[in-house]
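The structures considered in this document are given below.
Shared between the two complexes below is chain A, which pairs with chain B and chain C, respectively.
Here is the complex of A and B:
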């Protein structure tokens, strides 16, 4: 993938992450490559421009850089918001390979701060059997988990054809179509086959 | 904290689309993260991202060539087609953001700019009326909507309303199921 395609892919990743109810697989190759590019360019830009031409080019480089930096932070921040919202749930997952090492680190710290705070402020004042933050069988689930039946807007990138739905008429997805649809109906087409994108 | 896409971000994405400019300066090729552009030679048209075009315009370094759909004739046809078709007529996904940015920053490059502005407004009004019809027809049991050719901004205006409404409906459904389950469990339990 060329650099320009990477930037386009990052734009799509930002839109996807913002619209998706669950935390998607961390785009590790894409993000690491672009962070590397941004860092090396920032270093190069530190040299003071002398001539007006250099100043002009410098300004263009800076604006381009700022846009990519905004996309990167927007991507990472959207994920952090979801990690915080679903912290109690994510911690209990067997497999957290969808997070980056830094995100796992953040999650661990966030979880311990949050649970400590809960203990100090009210959990210790409750009867013994109500103190646990883990939901046990037969009890109401207390953690917030991603709602996979949340509705999303999708754009079809590649012809899909018929998609079966449980209780109503099947739908046909053709390239270029835009639908408003429950996320779980088309989830594999977004995360695995990449024939559909979230908009 | 809100992570939902904002109108400003929609405009940001519109700004990375390419547009043709005619530069009036000389400059070598410039290698940006989002692509390689140039070399810039006076009077030789080339494609650059919209954000770059508007920056150059503000510095009086280029003339912007409006996209083909912003042509007077094309646009009046579009309005007619929009009036006749039932769904949304095909149009640039970022037509509102692009035209509004160009009408603000590159007025002198757009022929018949006031007519163009009015036609865009007509188009938007027609399409918004269709959106209102969609909302009127919404039914809780039909949770799938085909919105092909809807534009970015129009989608934004629908996003919050639709997502909130349908999510609340499924939340209520879930609660009902939960209450049912609990009732069943209680009945099943020995007295």
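Here is the complex of A and C:
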């Protein structure tokens, strides 16, 4: 895949990540390859231009690089925002393979500074039995988990056919259709089969 | 009645534009109430008065939830502030925070920088919040800063109301600190 296609891929990934209520699989190959290319091109740009043409070309390249960097950071940022919002829930999951190693690292540290803050400001002033963040049923007191039945806008990129909805009315998804439906109804079609895109 | 104070605490969040001043007095009052309620619940249990104990323990839990929600909401606001204005808290915001929250802000800020560096040295996660339009931006200085040296442009003397053409990457931080104003 060339750089141009990868950037398009990244744009789609940013859009998906922003529209999706849960944290999607980290696009490790794509992100790593793009970061590598951005870094090497930036290095190449740092060599001082000699002629005005080279200077001009350098500026154009810089502009394009800045755009790719913006996309990259907004992809990573929108994931971080979700990781923070669901932090108390994510740390309890057994399987966190949807996060990158750096994100897992971020999450662990984030969780510890956050719970520390709760302890310092409030929980340590309580009787011993009340200090835990967990209530009796094993659920965290202020845990927020992704709201999977949230409605999302979808665009069908490949014919899917019949999909059963909760009130047992069927809908037909054909290429090019745009729907507003609960996320968990079409989740596998988005994450695994890639027949539907979030818009 | 017993949860009235926590209700007030949570309501405070709604009444202010950004965050209300940290209400340390109310939180410690609630903690004391919780402790005494808890004691009563335990003694109720010893008297085998389970109904009353149940009510008291759910009151305790409700109070706890409210206070934690209050604290959590404030932290979330702080995280947004970090993303939007950079690693320094503007003075009119810092008045509303208590010392622990300032500490949290610093820790969070360091954590974010650390993550950003680990992913890539050439990315700044909090740099571009809007898609970039041009390599250069025209900016006007809003206060006297004096001479500063920027990595690409070289030396610039930022005096009040002077207009400069700077690299966007260099100006972004200063714009968010409020030193420069974006004018095109």
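As a working rule, the second predicted complex is superposed on the first by the 188 of 199 C-alpha atoms of A that agree within 3 Å, B and C clash if a C-alpha of one lies under 4 Å from a C-alpha of the other, contacts with A are read in each partner's own complex, and residues count from 1 in each chain.
Convention: a contact is a pair of C-beta atoms (placed from the backbone, for glycine too) under 8 Å apart; a residue touches a chain by one contact, two chains touch by 3 or more.
Model, not experiment: these values are computed from the prediction.
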Partner chain(s) touched by A:73 [first = chain B, second = chain C, both, neither]: second
First (chain B), second (chain C), both or neither touched by A:4: first
Chain B versus chain C as contact partner of A:109, first or second or both or neither: second
First (chain B), second (chain C), both or neither touched by A:15: first
Partner chain(s) touched by A:176 [first = chain B, second = chain C, both, neither]: first
Touching partner for A:195 - first (chain B), second (chain C), both, neither: neither
First, second, both or neither for A:125, with chain B first and chain C second: second
Touched partner set for A:62, first chain B, second chain C, both or neither: second
Contacts of A:165 with chain B and chain C, given as first, second, both or neither: first
Chain A residues contacted in one complex by chain B, in the other by chain C: 38, 59, 63, 67, 70, 74, 77
Interface residues, chain C side, partner chain A - complex: 27-28, 31, 34-35, 38-39, 60-61, 64-65, 67-69, 71-72, 75-76, 79, 83, 98, 100-101, 103-104, 107-108, 111-112, 114-115, 118-128, 131-132, 134-135, 168-169
Of all residues in chain A, those that touch chain C in their complex: 35, 38-39, 42, 59, 62-63, 66-67, 69-70, 72-74, 76-77, 80, 84-85, 102-103, 105-106, 109-110, 113-114, 117-118, 120-122, 125-127, 129-130, 133, 135, 141-142
Residues of chain B defined as touching chain A within the complex: 1, 3-5, 9, 12-13, 16, 27, 30, 32-36, 51-52, 55, 141-150, 152, 155, 158-159, 162-163, 166-167, 170
In the complex with chain B, residue positions of chain A that touch it: 3-4, 7-8, 11, 15, 17-19, 34, 37-38, 41, 53, 56-57, 59-61, 63-65, 67-68, 70, 74, 77-78, 81-82, 147, 149-153, 165, 168, 171, 176-182, 185, 199
